[in-house]
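Presented sequentially are two complexes of chain A, the first with chain B as partner and the second with chain C.
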Partner chain A sequence: MKKSPNKKIGYTVFILAMLLFPALANPKWLAIGSTFLIFSVVGLSEDIILGKGGMFNMGHALFFGIGAYTAAIANHTFGIPILYAIPLAILIPALCGIILAGPIIHLRGDYLLVATIGFNIVFLQLVENDIFGITGGPNGIFGLDTPTFLGFDLASPTAIYYLGVAVLLLTFYVMANLDKSKAGRALHYLRLDDLAANSIGINTRGYKIFAFGLGAGIAGLAGVLLAIQYSAVSPEAFNFMQSVLFFSIVLVGGSSLPGILMGTFVMFVLPEIFRDFATWRYFIFGFAMILAMILRPEGIFPARFGKIPDYFKKG
Partner chain B sequence: MALLELKNMTKRFGGLTAVDHLNLKVEQNQIYGIIGPNGAGKTTAFNCITGIHPPEEGAVLWQGKEITGAPPHKVAAMGIVRTFQTIRLFTEMSVAENVMSGRHFQSNQRWWHGICHTPASRRDEKENWLKVKEALEFFKIDHLAAEPVGSLAYGIQRKVEMARALVSEPKLLILDEPAAGLNDSETMELVETIYSIRNQGVTILLIEHNMDLVMTLTDYITVINFGKPIAEGIPDAIQSDPMVIEAYLGSEDDDDE
Partner chain C sequence: MDIFFQQLVNGLTIGSIFALVALGYTMVYGIMKLINFAHGDLVAMSAFVGLSVYDQFLGGTTNSLVAVLTIFAATGVIIAMAGIILERVAYRPLRNAPRLSAVVSALGASLVIQNGIMLIWGPRMRFFPADILPATTWNIGGVYISFIQVVILVVSLLIMAGLIFFIDKTRVGAAIRATSIDHDASRLMGIDVNRIITLIFVIGTFLGAVGGLFIGLYYRGINFNMGWNYGLYAFVAAIIGGIGNIPGAMVGGMLLGIFKAFIAGYVSSTWADAFTFTLLIAILVVRPTGIMGERVAEKV
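Let's look at the complex of A and B:
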């Protein structure tokens, strides 16, 4: 499955720009750049559930939060170096995704949406009320250790930024791989026609749960990065509004790599540029949602189909 | 032993009995027809067999084993694959991608290959695409492989749906009104296609409204009316059965579609 030359150039330019960005940016923009990377990863993970699987998950900040809190608690309460907590911070959200999806996955569209909002609220209440005395209550957990790897201190904003680049590239790899696999296609089939997909032998329920597990695991990984970036976690970073943001990134951007990156840019970076307008800065956020839905209901860069391997054409 | 056997299969929707104690036996390599007036419960019977609406009473036996109430994806994996009366394709996707869905349960890939491929799963991916290519060539639609299926003519969409069912290598292919919406030449082509599918060793169970087609194509027929079987036999016997003429053939004007 070869990419068109334009697409190849596009990705090369994007990756080079990502790699060179710290040389040009001041600390404020470097921080925005890191957050862009983290939110892009969360956007991509929501795309697996919402864009590919077609399931209206309006509680995605939940999995992002579970990942961040897992890393923070592992570090703060149990003294595990934060980078070593990464496997746990992927596995625990993934398991939560699988367990929570089980009883609600048969719900359709808006019903599923309400149920996922419910999960998000329950999670927030648990951490705000300092469940088991380890979540730090409304203030969250702060003063986390800086990451170190093989003796190198990765505390600098530049190091954290490159950690974000690495995680985004890893996510790209998983997404590209998913696109060319039976599991990834199954998600497209069940989104477009659940009954037809089921009748041709696809365990639609199983693959929906798979999508939740995978999406939650990747969101959890992004959560660790957020905890590292701020050396802290706090409940308001994972509230309903954040879930709306991730949902909108997929809807406004469209279900594709450039779509999610564009969506993250529009929904997150643009408001930062307009930060000087203080309380008006979310104006563009709301406006982008309205405009995108009227002008491009499938998103700015919708998913493209008709991808067939080269050996198919040659014979 | 019959390939597929229905024993007193009954399906009710509230007070309505859509399928009423239906019995039939489909033998290996038969082309079996189910006919009946509109609303007689034919499609519901198919839905019961394929697990979309499990029957309330009776049993579905597959190669002698009871499979009543098995979910659709398990029924398909056993080798019972269907098409739909109203074509159900993945409209945004290409012809090849649509047909590829039929390879789903034949593929050896597991869920984790969606996260990370291995050399074996890449090979599996390629093998399955080549099977799809073969099927598109069989239906003479390989030149349309990359076209979005929603933009194609009705007759082509019917072929795509059959190709999708066929690449899954079913033992029993269930066709729900395969000639609906086709013109005469397309119908002729369909007859040949169905014969050549049967010659590959696939048993076929079909519902069809086009009487000429049913009479030429099938080896054995069950007629149902109001969910009840009213007659069964070879096409010649059915054509001369007074019960059938009264229930169905006599009112040919009504179901001229």
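Let's look at the complex of A and C:
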């Protein structure tokens, strides 16, 4: 896909703004910026499964949580420095995504949605009941080591922010490549017509599971960043409500990069800025979601150029 | 063995409530192919409305059949109206839109209702008075059955029998069945599809309101966000029974209630969710459209 010049300028400005932001911001704003980066990565990884693969995944906080908990347990129970836990925290969620998706991937839309909700709820209860005595129960795990790398203290807000930028850029790169690759084309086709894709020899089951694994791995990486940012993990950050928000972000945004970034900003960053607004937050979001869908059923920034997911079309 | 029968009775009670709420999900799904995520929150709202009706107009009345009937009638009417408004505002404009847009709209409506309850009645737990219904409890061979449990079981069974009769034997019921198969063909046969959908929302939310009031009368403590919890269980019941299938929702609700009660009785209630959802996933793996769901052809 060729990018239009406007789009190129847009991305350049966005990336420059991201890189220069710490020069202007105080630590509080920097922390909010990091939150934005981390949740954007999770939103984009949900897009691989829901937007590109067309699978109704309403349990994405599960993989985000598995990543965070893997890093936290590796650090807290086994004493592995948290940066070295990153490969584990990508691998384990990805494996979980593959293993969990395997038996349910053939379910039709709404049934898949319920099964993924089920996984999310089972995970949360396992964690809250302190399974194997390593998850810290309802309070979670806190007091994780601060990461250091070649003598730099990576616990400072600036360092975490730039770690977030690096991960977000990596995610952009993966997703741009996915669009151009064989796997991306296969996902695009099987989303439009599962049966037709299968009948011309695309391994639909394999690619669907691949999408789950990839999305889960990226979400796991974002989970590590969350664990580093707060040097703690707690169960309520990964509950069903969060999954609903990730699900909504992708669909309200329109399964496109600007849409998901904007959705993340509205759903996760605005409430951080306006704390007083917390009691009214979901009430207003609810109306906004209804209104957005009535006015723009394909999402606010719909994916274009033949990239429109089939559930955005009638039928 | 006492635990077994005791949990069976408790399970049937909570199962009846699940079944009543599940009917709302399954009927809307049958007609519109839409998961009405806001249904659980309407159920929660009905408990709050019922409590307010009692406090405002019947304060202090105890053990009175008239008072109880007034609560049910007033709440049923208010919640059914809320259901009609919900359908008009959040779902009707999206009837021809892509399916997931309507799901997001339903999630939005759920957030609005849930947080609307919080803004009106406050975030704290509220309690139904204990003496609306007689607190009689019978001891049958070591198994305790309370008056309210008997009321829930009998009323739920009557309502469900009535609903099956209505859907299977009346003209309007036939119109509902026809609409669930094909909107356009039904319209050609002279069925007013919009009225059928409104009717479905009225019946579904009314049943949900009865369920919500039973939750209040049985458990007494009600919370603004309990709709998600009960809604999710009822929804799981509808899925287990095969969503869109009315007897399936009843069977699914009863089975789920009994299962949950046995987990609470023999394992621990802190593990109830994990076991329930593991069961759900196991059932879906073995029977992808639920126990009583029809096998749908992949492509026509």
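Details
In the analysis below, the second predicted complex is superposed on the first by the 298 of 315 C-alpha atoms of A that agree within 3 Å, B and C clash if a C-alpha of one lies under 4 Å from a C-alpha of the other, contacts with A are read in each partner's own complex, and residues count from 1 in each chain.
We adopt the following convention: contacts are C-beta pairs under 8 Å (C-beta built on N, C-alpha and C of every residue); 3 or more make two chains touch, one makes a residue touch a chain.
Predicted, not measured: the structure shown is a model, and the values here were computed from it.
Of the two partner chains placed around the shared chain by superposition, chain B is the only one that A:210 touches, whereas chain C remains out of contact. After overlaying the two complexes on the shared chain, residue contacts for A:79 are found with neither chain B nor chain C.
Using the contact criterion defined above for the overlaid structures, shared-chain residue A:178 touches chain B, although it does not reach chain C.
Once the two complexes are laid over each other on the shared chain, residue contacts for A:143 go to neither chain B nor chain C. The partner that reaches more residues of chain A, of the two candidates chain B and chain C, is C.
Shared-chain residue A:27: touches no atom of chain B or chain C. Once the two complexes are laid over each other on the shared chain, residue contacts for A:186 go to chain B alone; chain C is not touched. Residue contacts after overlaying the shared chain place A:104 against chain C, while chain B stays out of touching range.
In the superposition on chain A, contact is made by A:195 with both chain B and chain C. Comparing the two interfaces of chain A, the one with chain B and the one with chain C have residues 195, 311-313 in common.
Within the complex, the chain B residues that touch chain A are 50, 52, 71-73, 76-77, 81-82, 84, 88-94, 96-97, 100-102, 104-105, 107, 109, 111, 113-117, 121, 125-126, 128-130, 132-133, 145-148, 164-165, 168.
Partner chain C is touched in their complex by these residues of chain A: 56, 103-104, 106-111, 113-115, 117-119, 121-122, 124-126, 128-129, 195, 240, 244, 247-248, 251-252, 279-283, 285-290, 292-294, 297-298, 311-314. Of all the residues in chain C, the ones that touch chain A in their complex are 29, 35, 89-90, 93-94, 96-105, 107-116, 118-119, 228, 232, 235-236, 239, 243, 270-271, 273-274, 277-278, 280-281, 284-285, 288-289, 296, 298-299. Chain A makes touch with chain B in their complex at residues 174, 177-178, 180-186, 188-189, 192-193, 195-204, 206-207, 210, 214, 303, 305-309, 311-313, 315.
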